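Two complexes follow with chain A in common, the first pairing it with chain B and the second with chain C.
And now, the complex of A and B:
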């Protein structure tokens, strides 16, 4: 017998406490969630890269266990079928739960489960117009799905990562966080159990231990920020102590099944 | 919650009349016209309408670009209806790449080269192609008549205007015209028309073991989608509420190339 539990997981690619905590009063929705639940820093042990980390977050397997590190391997663009992993939505769906995923960027175009969504610019939005479009289209798609009362909805916004690569250190970054905050407000009204997280944090380009992009980028734009090991986590009404990226999977599984291993019964 | 209908249901007679108009205009305006027939549902509906527009006879050469990787059911459909409909069929053999993975990476280029060969060999000044605007964002800028230059490039920002139903057949030297009679149709219209006209379609479109093909191409390039629709009526019902796009089983070579180029420009590899 399946118990009805509703849960919303919102991923913000590259979101960092450095921006949020310094400007917390600019982000009333995030502030409210922080006050209603618990929040902490999740420190990534290996390389702070989106591809392996989103895989880890939704599969419960550490990067060294699943081995999926890049969008392209041996000159070939990888697809979902190339990744031999069961994600949280695969497992819950088999158990009879209504699970959806939108815009999960561990492959390109980003992966969707149980629904159709055309990612803006195939998951690589680079301009302000494309960031606006992603913000709007992901939010509207998520709202549509939330209306159908899913048991689990996982949704990722990728735009903050791109904004921070190009505008790190400027007020533009705060402006886009505010837009994200407004969008989150629209989503959380539907749900009670919420996880808001990032895959990695951000820092200045020079400070970053690894360089994910070239210094001069598309159209000659200078890259000013890059990935940092410290990611964010906010959890509301989640009965699980999340310490590492893979714990997100177990926290979700715990809410539905009360067991840690995620295996089917 | 009430399910949204993803398609606006058009009047089939209106769509058919409009397509007849495009087909007959093309026949009158161009000297040497060919038809690209992939044996998929759209190309077969287009062929059916051309037959109907000319009272049971297809007055143009029909070209099948054969990559050697088509489904056996597609070859059966081709041979059966080429005979039954008395088609003037020419099979254009494309470059055969035995390794399915390598074929998948180059499929778009392989097919484009074979079409170039066919257009050149038969000296076509126009070819009918069964594309629809709703299939993919890359196709939204196509017109009923979309010219291709001598290198088969499409300059979508410089196409002849199509106002008040006037179709402009002016071609520069070396150009040919792509004629798109199905441009205004959507996937649901196609299936409603298949039902209305009892058009024979490939069995791969119908569900077996919980999967069916919504869009057919080469075997390595096409994947089935989850579906229990095992006949035309069930497909029509399914399309009214589906959340999956028609081409969700296919990522075109052009899209893959675009993503790879962008990743490279960004410095990912």
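And now, the complex of A and C:
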């Protein structure tokens, strides 16, 4: 039986508590969500990489279970059809719920479900102009869909990860978090059940337990930060104790179906 | 004008609205915004709902993606 749930899941690729908690008063929307729900650190057990983690977050399968680790395998850019997984939107859609996904970066260009969205720069925005475009276009697309009152909308912003690659440790990072905070404010007015999360955190180069990036890119541009195993989670009106990345899937399933296994009852 | 672009006429009031809408968005002019919107509208829908079906994703697109992955340090 289909029940009336309205849920919004906002992913911030690479967002970290280090920036948020040190500058919390700069981010009134995130602060409000933290006060209205619960928040915690989600520690990634394996490599803190976006591809396996976004797959895990939305499929409920651990990285070692789904095996999808890279955008490119044997020189071939993978597509959605190459990944044999049912995601939360696939399952809920089959159950009759109106589920959408925008800009989910487990493949490139990032994946969309039930809607069209042309990702900025194939989902790999690298310049300030491209970051502005992604912020604006993802927010506008999400608002358009939220106005149709979907049961579930999952949306991911990738720009913070890229900003941190090049500006980690500078005030630029806080400036872009503030812009994201403004965008989140525009989205959360539509729904009451909200999850805000990152796939991994971020840190100074060399600080991470598992190094994932090179010190300089192929153009010689210095990479200032690296991925960190500690991701963020804020959950408002979510009746599930999320402890691991795969629990996001189960938390969503629990809201709609009241069970953990994602099967139709 | 570059040889790979062409001119399209739109009503002036619409152009004015677009000019207002793109303030602070990263779009550097009406043309880039209109290109973005039209591309979004015209993009083919793939089997599972993705924006670009495999056949619509060209070899040039794929090379550009790989170049960006290299630039970000994700690909050797």
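Assume the second predicted complex is superposed on the first by the 257 of 265 C-alpha atoms of A that agree within 3 Å, B and C clash if a C-alpha of one lies under 4 Å from a C-alpha of the other, contacts with A are read in each partner's own complex, and residues count from 1 in each chain.
We adopt the following convention: a contact is a pair of C-beta atoms (placed from the backbone, for glycine too) under 8 Å apart; a residue touches a chain by one contact, two chains touch by 3 or more.
Computed from a prediction, not measured in an experiment: that's the story for all the values here.
Trainee: Given the superposition on chain A, are chain B and chain C in a clash or a fit?
Mentor: clash
Trainee: Just chain B (first), just chain C (second), both, or neither: which does A:79 touch?
Mentor: both
Trainee: For A:118, using the defined touch cut-off, is the partner it touches chain B, chain C, both, or neither? Pick first, second, both or neither.
Mentor: After superposition on chain A, A:118 lies in contact with both partners, chain B and chain C.
Trainee: Which partner chains sit in contact with A:147 here, chain B, chain C, both or neither? Use first/second/both/neither.
Mentor: The answer is first: A:147 touches chain B but not chain C.
Trainee: More residues of chain A are touched by which partner: chain B or chain C?
Mentor: C
Trainee: Considering only the touch criterion stated at the top, classify A:71 as touching first (chain B), second (chain C), both, or neither.
Mentor: In the superposition, A:71 touches chain B and chain C alike.
Trainee: So, A:131: does it touch chain B (first), chain C (second), both, or neither?
Mentor: Second partner only, chain C.
Trainee: According to the stated criteria, A:210 is in contact with first (chain B), second (chain C), both, or neither; which is it?
Mentor: neither
Trainee: Would you mind listing the overlap between the chain B footprint and the chain C footprint on chain A?
Mentor: Correct list for chain A: 71-72, 77, 79, 108-109, 114-116, 118, 121-122, 124, 126, 213-214, 217-218.
Trainee: In the complex of these two chains, what residues of chain A are touching chain B?
Mentor: Per the touch definition, chain A meets chain B at residues 70-72, 76-77, 79, 108-109, 114-116, 118, 121-122, 124, 126, 147-149, 212-214, 217-218.
Trainee: Over in the complex, which chain B residues touch chain A? Could you list them?
Mentor: 1, 101, 105, 137, 242-245, 248, 251, 255-256, 258-260, 262-263, 265-269
Trainee: Spell out the part of chain A that touches chain C in their complex, as residue ranges.
Mentor: Touching chain C from chain A are residues 71-72, 77, 79-81, 90, 108-109, 111-119, 121-122, 124, 126, 128-137, 162, 165, 213-214, 216-219, 221, 223.
Trainee: Looking at the complex, which residues from chain C come into contact with chain A?
Mentor: For this pair, the touching residues of chain C are 24-28, 36, 39-41, 43, 45-52, 54, 57, 61-62, 64-66, 68-75.
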